[in-house]
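Here come two complexes built around chain A, the first alongside chain B, the second alongside chain C.
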Partner chain A sequence: MSSRKKNILKVIILGDSGVGKTSLMHRYVNDKYSQQYKATIGADFLTKEVNIDNDKVATMQVWDTAGQERFQSLGVAFYRGADCCVLVYDVTNTKSFQNIKSWRDEFLVHANVSTPETFPFVLLGNKIDADDSKKVVSNKAAQELAASLGNIPVFFTSAKTAINVDTAFQEIARSALQQNQNDADAFEDDFNDAINIQLDNDTNSCSC
Partner chain B sequence: MQGNSGRTSYTGGSHMQLGKPPTFVPQSLPRSPSVPSLQGDRPFNSLNRSDPMLNRKVFSGETPVPRLDPGSAHSPMGSAAVQASPSTIGGNSNLSVIDLYGDETDSQMASEESEDTNHLDTLMSKSSLMDQPHRDDYNVTSQETSMQTDSQLPQIPKSPRVNISSKDAEHFDRYGFKKQTSCISEAQYDGWWSEYYQYCERRKSKWVVLMEKHGLPSSDDQVTRFPPKNEKLKRYVRKGVPAEWRGNAWWYFANGQELLDENLDQYGQLLQKIALIEKLPDKEDKYPDLEIIERDLNRTFPDNIHFQRESFQDGEPEMIKSLRRVLVAFSLYNPKIGYCQSMNFLAGLLLLFLDEEKSFWMLVLLTSKYLPGVHNVNLEGVNIDQGVLMLCVQEYLPELWDYIVPKEKHSGSSKGNLNKLMNTSFSSSSGHSHQSQGKNDFLLKLPPVTLCTASWFMSCFVGVLPIEVTLRVWDCLFYEGSHFLFKVSLGILKLSEEELLKGKHHNSLTHYSLNGSQNKHKNNNSPEESEMELFQIVQTFPKKLLNPNDIFEKIIFKKRITFNNLDQDEIDRCRKYVTTQRQKHKPMSDPHKSSSHSNVNDNDDVSEDSDNSKPHSSDSSSHRNVHKSKTFNHTHRSEEHLPGATQDTPYGFKRSMTSVNWNSGLKEKVRQIRKKKDKFMD
Partner chain C sequence: MASILGLGESDLTTQLADTNRDTNDLSFLPSFYNDKTQCELKSQVISRALRKKENTLLCALGKSKCGFVNNDLRQKSWNTILNNQLILYSSPKEVNNTPHCDEKQIELDVRRSFGYVKDEVERNCLKKALKQAIVTFFRKYPTLRYYQGYHDVISVLVVVFCLDPKRNKISRNISGQRRKILYKCVEIFSLAYLRDFLMDSLDFPIDQISVIPLLIQDKDPQLFQRLQLDKQKPLYAIASVLTIFSHDMRPDITGANSIIFQIFDLVLCTHSMYTPLVLYANIVLALRDRINKEYTANIGNFDNDVDLVHAVVQKVLMQSINDEAPQSRQLWETVLDRTRSDYSIDPKLEKKACKFINKTSPLRTTASGRPQLEINDGYSLDKLIKKGIVLNNKKKDKVPKDTDGQDWNYDRLIKTSLLVGAASLALGACHQHGSLLPDTMATSHLDLNRIASSVSLVSDSLKHIINSS
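This part shows the complex of A and B:
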């Protein structure tokens, strides 16, 4: 509240069907978990007031999306204006991990972000509560992927047992706020020109 | 065991046996006559006819009979009732519930609706008489079919598949859904249901009279045909088909039998094919849909006892198996669609009311005749329908439209802190500003709210509206056609609009009068916030709409509400228009058609889609074809059919006379005046 205006942070959760996007959202927003979530059609969103670094308050809009690939064609409109994109895979499902990159590319294509290189993504490997025998994606592989995607942060979470969910979303909120302010600053500096982004954060430039 | 306890329970008990105070329990379960032994229409006639392979397949599994034997199969509605049957629970409570229910109904209704009393008496006595025979009907049916099944099979559907304890029973509705949802508490449900079930009873008694008038059988187990379509029947359908008849009514109105008759062995063949595929080592690679289907099976109705794994001690619920078969069979049957999430909800609900094979064919009809192209790989049908819906909103709910497409959206970034840009918004009091722009941008880049409304169409409101409302919608959908989905959507949006404007009223008046030039208090109403609020309301509002009559009686039956004039013809024409508009701009609007995966042989045209599914369905969907040809003849505005002939000519709704813009502007003014008047009246 201290800052000029109430911030709305728009966060989009993407990932294959069944990786736990809905569960993560509910765990974070309501601190609840249920076995009974239905498959998400289209998209749902929930909001949560967040306090970032004990300093700034913002409303986080968490958008949960349908995971089946064909639904991407519906998502176009609401990717716009996103402040952070959360990429989720299931540590027990290799394919969901392999698809992360295409989810990211898809997002960038449609979100129309001004500076794709610095746009904040966060990678989540969900379901780490699963039996070790079932885990097929190593943390190392995930970290390598995260590095290759521009050193994006990666967290290993369990929506079921709440492991790391809050931590991850703290980070998500932080990078979303950063992104939001970059855009806002740019906007205020130059009403019609969104190119002039001030970079003053950790996610410095390019992806390699 | 089952048979036995079944009967005892019929004679049985009082609600005293219930584990918990039975306040509302009675309503939670159908009265016994609702156990649908719908064998009247020989649901499995074709299965019976078909090869043994099929039967083997169908009847494989730990619990041999349940869902698929003709009686029970039928309907889980039934089986909700069936499960209310004794065997489940060692007998007493559920059935006693049924008795109690009957009693209550009897007395309450008789006192309440004197006009109906006579009739009711007959009805009631009939129904109590029916209880017993009813069971026998089951037996007969099972026997009829037992030739292909194990003759040892119990006569009454075994239902250990559902293992709810008696005290849990009261938490579920008559279809086996948990009463409590994310937006509705059990107490709310019970409170409402104690009234609504009386409504249902009243309606049913009227239906019975109607059926008798037409010389049609009206006992639950024999209702397979309905009177010829006319206004009266339409009204009856709109007020709700009796739950016990629903499966058959849908089947009848959608003309399912015709389709089935033309494809008698097809479902059986598909099941054979599935059996072969199951054996392939690399099946998941060859049939990627399998994996997605698998993942959705337990995410379809996790809140319904028939679908719950936990409720079953041994293995998978029959329902889940049926659902898998139907979805996989469909994906093989129509590779153009394959499996699309949301079809699980359609098939799931169908399976609660119809047997497996019929459910399959109804799914075919839904995805071709009612929702053409909607589930295709590129979901273009969804986009088209959402475009149509947006046109309708623009036309019929202009205030909401201003929320959905605030003007600043057109003029640039939607990014935060856009106070300055707000001053161009909310100018609609001066007429149809958006329409007069002649821009149809929103048809190409659909507004975000369509992400929410898209799911309404894809799943035909399953999981969106509470179950009893959904079922009422389905009644009308199959009777009236797909335009009803638009009406319901507009109804929901209208109610949402009221909700949305409730708190806003002062604000919006200010905007209108000042033409939006003052924004002193705008900080708490930024475009982002408006959008968020809109989405939130549109997303949650329908889930709270517990009482079907809140939307049916208050909105859809009201002639005065203009969108109720929409008919199938108009919607088809509108679909055509949107299709054309989108195709015209396709290259621009969709330059980066997604990289990632397969599925190319796809065509966006609605009519083609329905044509493509034609080999299977066309003849039966004569309905649709009629509409289609009408659409073509109805060259109200011939340009529509000629891509490129016009530049973004706005769509003209039928009632507008010659000059579309002039007329809609006028209409808009009238609407505003009327609205003001209404406000003052209030």
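This part shows the complex of A and C:
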């Protein structure tokens, strides 16, 4: 069924509880920020029309997941068919940064992506509006992590003050579109192969 | 006392206590009574039922139109009903100051609670009460695990118990006595109703929500077929059910009789965790036209059916809650009324559900719809443990391993669940040697001999659990 969506980019946001996944999604989709976001239970989603490089128009479907570890087994139900995975940590929370790799690994185990080595991830270090004294994860550490995860793009964002959120999501949309097209091409190749086999068989049967 | 409207309080009591009467039916009241008058009259009857300790009547009132009417009567009623539901005794020795492993998560979720309360003093007071209530409970039961959403459920209790009835506002200072009552209600409600959700795994709540598609199939097989509800786990319902709708509906702090309070009234008065499942199925059925429309419109927009059904059901449901139009409020009231008049589970359906619901689940024990605690029905706890383990081992053998990366670690969970249950029963039973609390003595249905005879059963069960752990 993964072939049925056209121009729909499925993006999934992962990361520890309280790093700002819901805030980032709302900032991007509605350009709003509120202190009142409640903890996400299960999964929520929002959509936004995107224009990528003034060339392609698509609908981005952003799936926001629960951060609490115990909900992880439930979140995986929504990993399937994702075109891009956004990994979020909080620059004032070391643990959330340390957990990034396991969020990525967990995603790859359950998302059943066709080519795990090229699947697009984007790393976001959120809450950069916080006082410098509170920041405990350096940009350098984040860049090193991004490099070790296969040179994935990294952005330092603030959902609260809107810093870099649009830029980050432009990149997310671009990566998702690329992935979506790769998958579509692969599907078409498979489809054509199937037709070719059928034609070959037909030819053979005629010659009999 | 004769009311100025010509109908005495005791006349009303007699009418409402009539067990043959549909509890949702107030039609015996003269038709010129408007809703407000009905509620005023009902308040008097509730007060009388509380005074006279008429618990059956109290439950009948809570599950009829308008529930317990206001938060002043509600806090007294909830306290009475919960304390009759599960008998727990607390002593100062039980206070545990060792932090629970989930306290960081609790702190995080409490911090973002009550964001809608404008008055900062009130907001902080509610947050403080919420945190203390949750932390006190988990420190007392360290084997249970906190889940995101538990704080939403407890927020409802906190708002109800923090109301200052004289000012009809949130108390800025909650008395020690009130706090004790709140903690006890949180404890009983959590153990009797939310136990499945407090386990180490989501398997238990997922089993519970799996009843919803069965309910929908029973009432509307076409919708069930259309959405192919048999092909997926009903994850779209998880937030609503885990929080008994309190994630979606904020508890009003202005003293209004909001829908969320009335939902809790209904759950408590039906003594059943089936009630939120029935309510969920009923709201889906009430919204079926919108769901069908959205489903058709979005069929090509999602990667797979899980995404599509989740998104459509969630979107339509949230619209019905967030929409401030009177029709939306009316819709929920209608659905609540429908659930009040028929919350029972068809025996055939219950039988089907029992095939996958764990034997130790509140749905089959403490919140199964039967008003009394299992301690009163002489149910053998030992038998329950053995049967539960056998059943789950069978289930484990049947279920292919790691379908979605889930850990089917039932064995440990059963033991934890039963240990908690047994511990609470033991606490109650052991207290037989000391003095009983006055409100316990007052419960007419309590059979002291049976409780006494359960002491040995509980202590044997505890030994069994400890030895097999």
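Assume the second predicted complex is superposed on the first by the 185 of 208 C-alpha atoms of A that agree within 3 Å, B and C clash if a C-alpha of one lies under 4 Å from a C-alpha of the other, contacts with A are read in each partner's own complex, and residues count from 1 in each chain.
Throughout what follows, contacts are C-beta pairs under 8 Å (C-beta built on N, C-alpha and C of every residue); 3 or more make two chains touch, one makes a residue touch a chain.
Since this is a predicted model, take the numbers as computed values, not measurements.
Following the overlay on chain A, a clash is recorded for the pair chain B and chain C.
In the overlay built on the shared chain, the residue A:147 is in contact with neither chain B nor chain C. Once the two complexes are laid over each other on the shared chain, residue contacts for A:18 go to chain B and to chain C alike.
Look at A:180: by the touch rule set out above, it reaches chain B but stays clear of chain C.
Which of chain B and chain C touches more residues of chain A is settled by the count: it is B.
By the document's definition of touching, of the two partners only chain B reaches A:105; chain C does not. Of the two partner chains, both chain B and chain C are touched by A:43.
After superposition on chain A, the chain B segment that clashes with chain C is 347-355; the remaining candidates among 347-355, 509-517 or 671-679 show no clashing C-alpha atoms. Contacts of chain A with chain B, set against its contacts with chain C after fitting on chain A, overlap at residues 5-6, 8, 10, 17-18, 35-45, 59, 61, 66-68, 70-71, 73-74, 76-78, 80-81, 106, 109-110.
If you check the complex, the residues on chain A that touch chain C are 1-2, 4-6, 8, 10, 17-18, 34-45, 59, 61, 63, 66-68, 70-71, 73-74, 76-78, 80-82, 106, 109-110.
Only residues 292, 295-296, 299-303, 340-342, 344-345, 376-380, 382-383, 412-418, 420, 445-448, 450-455, 458-459, 463, 523-524, 526, 528-529, 532, 535-536, 539, 592, 594-597, 599 of chain B touch chain A when the two sit together in their complex. Across the complex, chain A is touched by residues 105, 108-109, 112-113, 115-116, 145, 147-149, 151-152, 200-202, 206, 233, 235-236, 238-239, 242-243, 247, 300-307, 310-311, 314, 404-407 of chain C.
Residues 5-8, 10, 17-18, 35-45, 47, 59, 61, 66-78, 80-81, 99, 102, 105-106, 109-110, 180, 183-184, 187-188, 191-192, 194 of chain A touch chain B in their complex.
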